[in-house]
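There are two complexes below, and they share chain A, which is joined by chain B in the first and by chain C in the second.
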Partner chain A sequence: MDRSTAAVTRSETWRSFRIATWLGWQIASNWTDPLWFAIYSIVRPVSRAAILVVMYGVITQGNFSDPLFPYIYLGNAFYSYVFTVMNGVSWAVIDDREHYRTLKYMYVAPIRIPAYLLGRGVAGFLTASLSVVITILAGVLFLHVSFDPLQADWLLFFVSLAIGVVMLAMMGLVLAALSLLVARHSGFLAEGVSGVLFLFSGAIYPLDVLPVWLQPIGYAIPITYWLELMRRSLIGSVAEAFPTLAAFSNLELLGILVGLSVVFGVASIYVFRACDKRARERGLIDRTTNY
Partner chain B sequence: MPPLAIETEALGRIYKIRGSKKEKKIRKELVALADVNLQIETGELFGLLGPNGAGKTTLIKILTTLLAPTTGWARVAGHDVVDAAAKVRPLINMVSGGESSGYGLLTVRENLWMFSQFYGVPSKEAYRRIDELLKRVGIFDRRHTKSADLSTGLRQKMNIVRGFMTDPDVLFLDEPTLGLDVGASREVRALIREWVDDRRSDVRRTLLLTTHYMVEADELCDRVAIINQGRVLACDTPSALKQHLQKDAIFEVETSPLNGLTAQTIEDLPEVRTATATEHDGGATLNLILVEENALAHVINVFTQKNVRILKLSKREPTLEDVFVDLVGRSMADVEKGGESSEQ
Partner chain C sequence: MNSEQLSVNSQKRKNTGWRLFFQSVIARSYPRIIGQQRELSWMLFEVVMPMIAVIGYVLVYKALKAPEEYIGFVVIGGAMMAFWMNVLWSMSSQLYWEKEQGNLALYIIAPNSMMSILLGMALGGMVATILRAAVIILLGSWMFGVTYAVVSPFELFAVFALSMVALYGMGMMFASAFLLFGREAWAVSDMIQEPVNLVTGFYFPVKSLPFWVAAIASAIPLTLGLDAMRQLAFPSGLQMGFLSTKVEILILAGLSVFFLVGAKLLLAYTEKRAIREGRLTEARR
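And then the complex of A and B:
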């Protein structure tokens, strides 16, 4: 690739991402008026967290001082990124193809489709971030979550968050690629995959709880290390209370997360290219199923 | 000499169609395009004329890089549509008629601005072009309306603006007036014509139009390819295509009910090239292409035997419909009614 071609590619990639981000945000925020959107943004995460707290309270008979509680609470709060970001990227295929009927026009335009889809996922990241902040705030103010902002490792937090979000977006790209081929019901892909990952990523219980033969699945998923890092960065003592990943230092965890994210990222690009080629061969880019 | 805007050789596309759940393993093959060879000059307004299911949309999908061909190759603006798709896309745009695509939550202007940005048009220039084209198609006053609140026809106009707005080298319009009312169709045709006239001074632009409206093809296109069941049957200027039938005698006959008489019976008469019949309340209209006028006597004789009265008889100039009938043996409406659809 010569310099001018590379410059055009970079320009197209950035343009695709930037405009798709704008479009994704318009779609995410414009479906109702701003007041209802604000109410929805607060009520939804708080309700989800409250359900979890009530269940925990009933099972442990109100033992909120156990380190398991912040472990579950934070794991659950950050897990909302998993579905929202993956779905934000992959749902764009279904939405554009089936609902807005614009996917073919995107494909005809001089844009980079993966960059476009990742841009559409940014709105998911922003709404999930709002949801996480509200959930943690509600946890600290009303639900017995002990969190001291002065003790938090903010550098580790933001670095881990950035790597994790990119990793989730690339996983979303795989689902988007599959959505190109699976005409019907592919809207459930992100929901199904995030549900399965919820079981194996130690979101609301340590991996040790799983049968020994299932634990390797959890160790192979980057989300497991990401959630651990998010918890450690905010409340370091939580991680030390459970033996699963206690042997790893923060830096080692970060290294594993980066390594697995790169592997998943590269694989996702190849999967996307293969599915994209297959979709063109089978004439699926603009095929609507009217479900 | 500028390169050809569009070139195809032995282009073909076969769809593999899965059976129902019970017949999952049985795959039918549907030939949507077969052995299409086209050479479209830069600056040409080229029409693809054929009934629904003829393969027009399949051809456009291949040329716009949306669909891979099964056989042969195609180049747009000198670039292969499969191997160099990324080089083709900045030079083209496409509009499909008869659909209401667009982001309903965005206003007309926002929708159009967004697409202009994907093509790298600077915002100021984009807004200038958008406003100019919206005025041209008569929806400037609706520019701040969310596209969800537009009628299907107005949404289609918005999409037509989307196609022209990026000022592509090659523009593909797939049935652009499908579903539009008479007035809106006229406005769209006028816009296409204006673009055509403008291109006279700028030979970069090429337009490929698919339609199943004969008048549209006749009125607008420099050259027309008649396509049926995936094959190009003829390709020439509308006048040259009609010229082939000039030596024939073409009659339109309005009659009383046909009393069991069929177009086939008439077509079997000596020196009758083709005959089509459309029955309607209280009678029928027949279009006859005769090798020579004397054959009319045979036809009238058959009418008399079957007690069919001739209400009106007129000789007329050939149209593209006659050319189609001459090539296919049936009218386009008959093909659409009876033919197996292969449009994808």
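And then the complex of A and C:
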């Protein structure tokens, strides 16, 4: 590939991503006014957090000073990214193919489809960010989550967040690729996958609670390390409270996260290419299943 | 058409009145009771998704070293959640989906009552979901070794039946309201799902909530239904009950009447309004 071709490809990729981001945001938010959209974005994650708070409060008689509480609370808050980002990317296939019936036009337009799909996931990232901020704020203000902004490791936080979001977007791309081929239940893919990962990633309980034979699954998925890093960056003392990943330093965890993210990222590109080719061969791009 | 065929057709009995009403109820429930069972993968999803939530919350209780009965509370809550999901996504939003797919106008044109369509949806959804809920209870109880001590099977059945009538009555009422919604229907369903999970106490006794929150949440039939079922199915349930089961049964009976009558009135109003505003065939994408 010569320089000018590479420059055109880069510009096309960026344009696809940028326009898809704008489009995704419009689809996600323009069905109502901004106030209702903000309420809609916040209510679900805050309610989910409140369920855990009540459960925790009932059993511990309101002892919110135990390190397990911020562990559960923060893990649950950051897990919002997992479903929304993955679903944002993969749902674009279903939305465009089945609902708007525009996927075939996207394919014939001068855009890069993977960049377009990743761009559609940005709206999910933005709404999840809003809900994460509100949830953590509510935890600090009303539930004694011991978070001190001056003590937080912000560099670690933003680096981990960036790597994690890219990793989730690439996992979303795999689901998008599968959605191209699957006629039924493709709409449930992100929900099902994020649900299963929820159980194994130690989001709301330490991995030690899982049966020993299931724990290796938790250690094999990058989300486990990402959640641990997000917690450690905000509340360092949490790391010491649970033996699961206590033996790893922040740098080691970051290394594992980057390594696993690269593996998943490269695999997602190959999976997308293979599924995309197969979908084109079998004429699945413009099908409507009405399922 | 010759005169012989005309004569046969005129002799064929056409159902009217109550017969037509029940025929429509059965016809609309058929795809849910029979049709859905043919799609086994649907059943798998509808069992797996609530089971994931059940397992997750059970493990949280295990991490907190909670008393054993809380595990049973979560399993029962997970099973009842299958009904709530069914009411939310397959009752409340149903007329919106039907509108999107172009079936709603056909329902209105057909010479039957829309109430029979809603009842058919409710009946079909309820019967189909009983199967899924039973699988969740069996699986959850087996996986986590939950034991039950049913005090009064008759009362337990009465609570369950009344909860179902009231819940699906509420679903019918919501379906009527959703008739007026456009693209926001999906978002509204999505938005109310988790808050209801919270205030009805799917995963903890509703008594744990502040009194007035629990009292207001009692307008949702599952709140008192779940609370009464837990009181009747677990030895320590009585101590954690919000109200006595007798009072809860009475309130559930009242809610059943309220929601069914409310659904009828609201349906008549929204149908008229949707026709007047030309919303029956719109598909706002």
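Here is the rule we use: the second predicted complex is superposed on the first by the 290 of 291 C-alpha atoms of A that agree within 3 Å, B and C clash if a C-alpha of one lies under 4 Å from a C-alpha of the other, contacts with A are read in each partner's own complex, and residues count from 1 in each chain.
Simple rule for what comes next: contacts are C-beta pairs under 8 Å (C-beta built on N, C-alpha and C of every residue); 3 or more make two chains touch, one makes a residue touch a chain.
Quick caveat: nothing in here was measured; it's all calculated off a predicted structure.
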Check whether A:283 is in contact with chain B, with chain C, with both or with neither, and answer first, second, both or neither.
first
Which of the two partners, first being chain B and second being chain C, lies in contact with A:158: first, second, both, or neither?
-> neither
What is the contact status of A:192 with respect to chain B (first) and chain C (second): first, second, both, or neither?
second
* To do: With the two complexes superposed on chain A, say which partner A:57 touches: chain B (first), chain C (second), both, or neither.
  => second
* To do: Classify the contacts of A:11 with the two partner chains as first (chain B alone), second (chain C alone), both, or neither.
  => first
Message: Once chain A of both complexes is superposed, is A:204 in touch with chain B (first), chain C (second), both, or neither?
response: second
Considering only touches as defined above, state whether A:107 meets chain B (first), chain C (second), both or neither.
first
Across chain A, the partner (chain B or chain C) reaching more residues is C
Note: overlapping chain A surface for chain B and chain C spans 31, 100
Chain B residues touching chain A in their complex are 15-16, 61, 64-68, 86, 89-90, 92-94, 96, 99-106, 110, 114-115, 117-120, 162, 344
Residue set of chain A touching chain B in the complex reads 11-12, 15-16, 19, 22-23, 26-27, 30-31, 100-102, 104-111, 277, 280-283, 285-286
Chain A contacts chain C in the complex at 31-32, 39-40, 43-45, 47-48, 50-52, 54-60, 68, 72, 99-100, 184-185, 188, 191-192, 195-196, 198-199, 204-206, 209-210, 290
In the complex, the residues of chain C that touch chain A are 41-42, 45, 48-49, 52-53, 55-57, 59-66, 70, 101, 182-184, 187, 190-191, 193-195, 197-198, 202-205, 208-209, 285
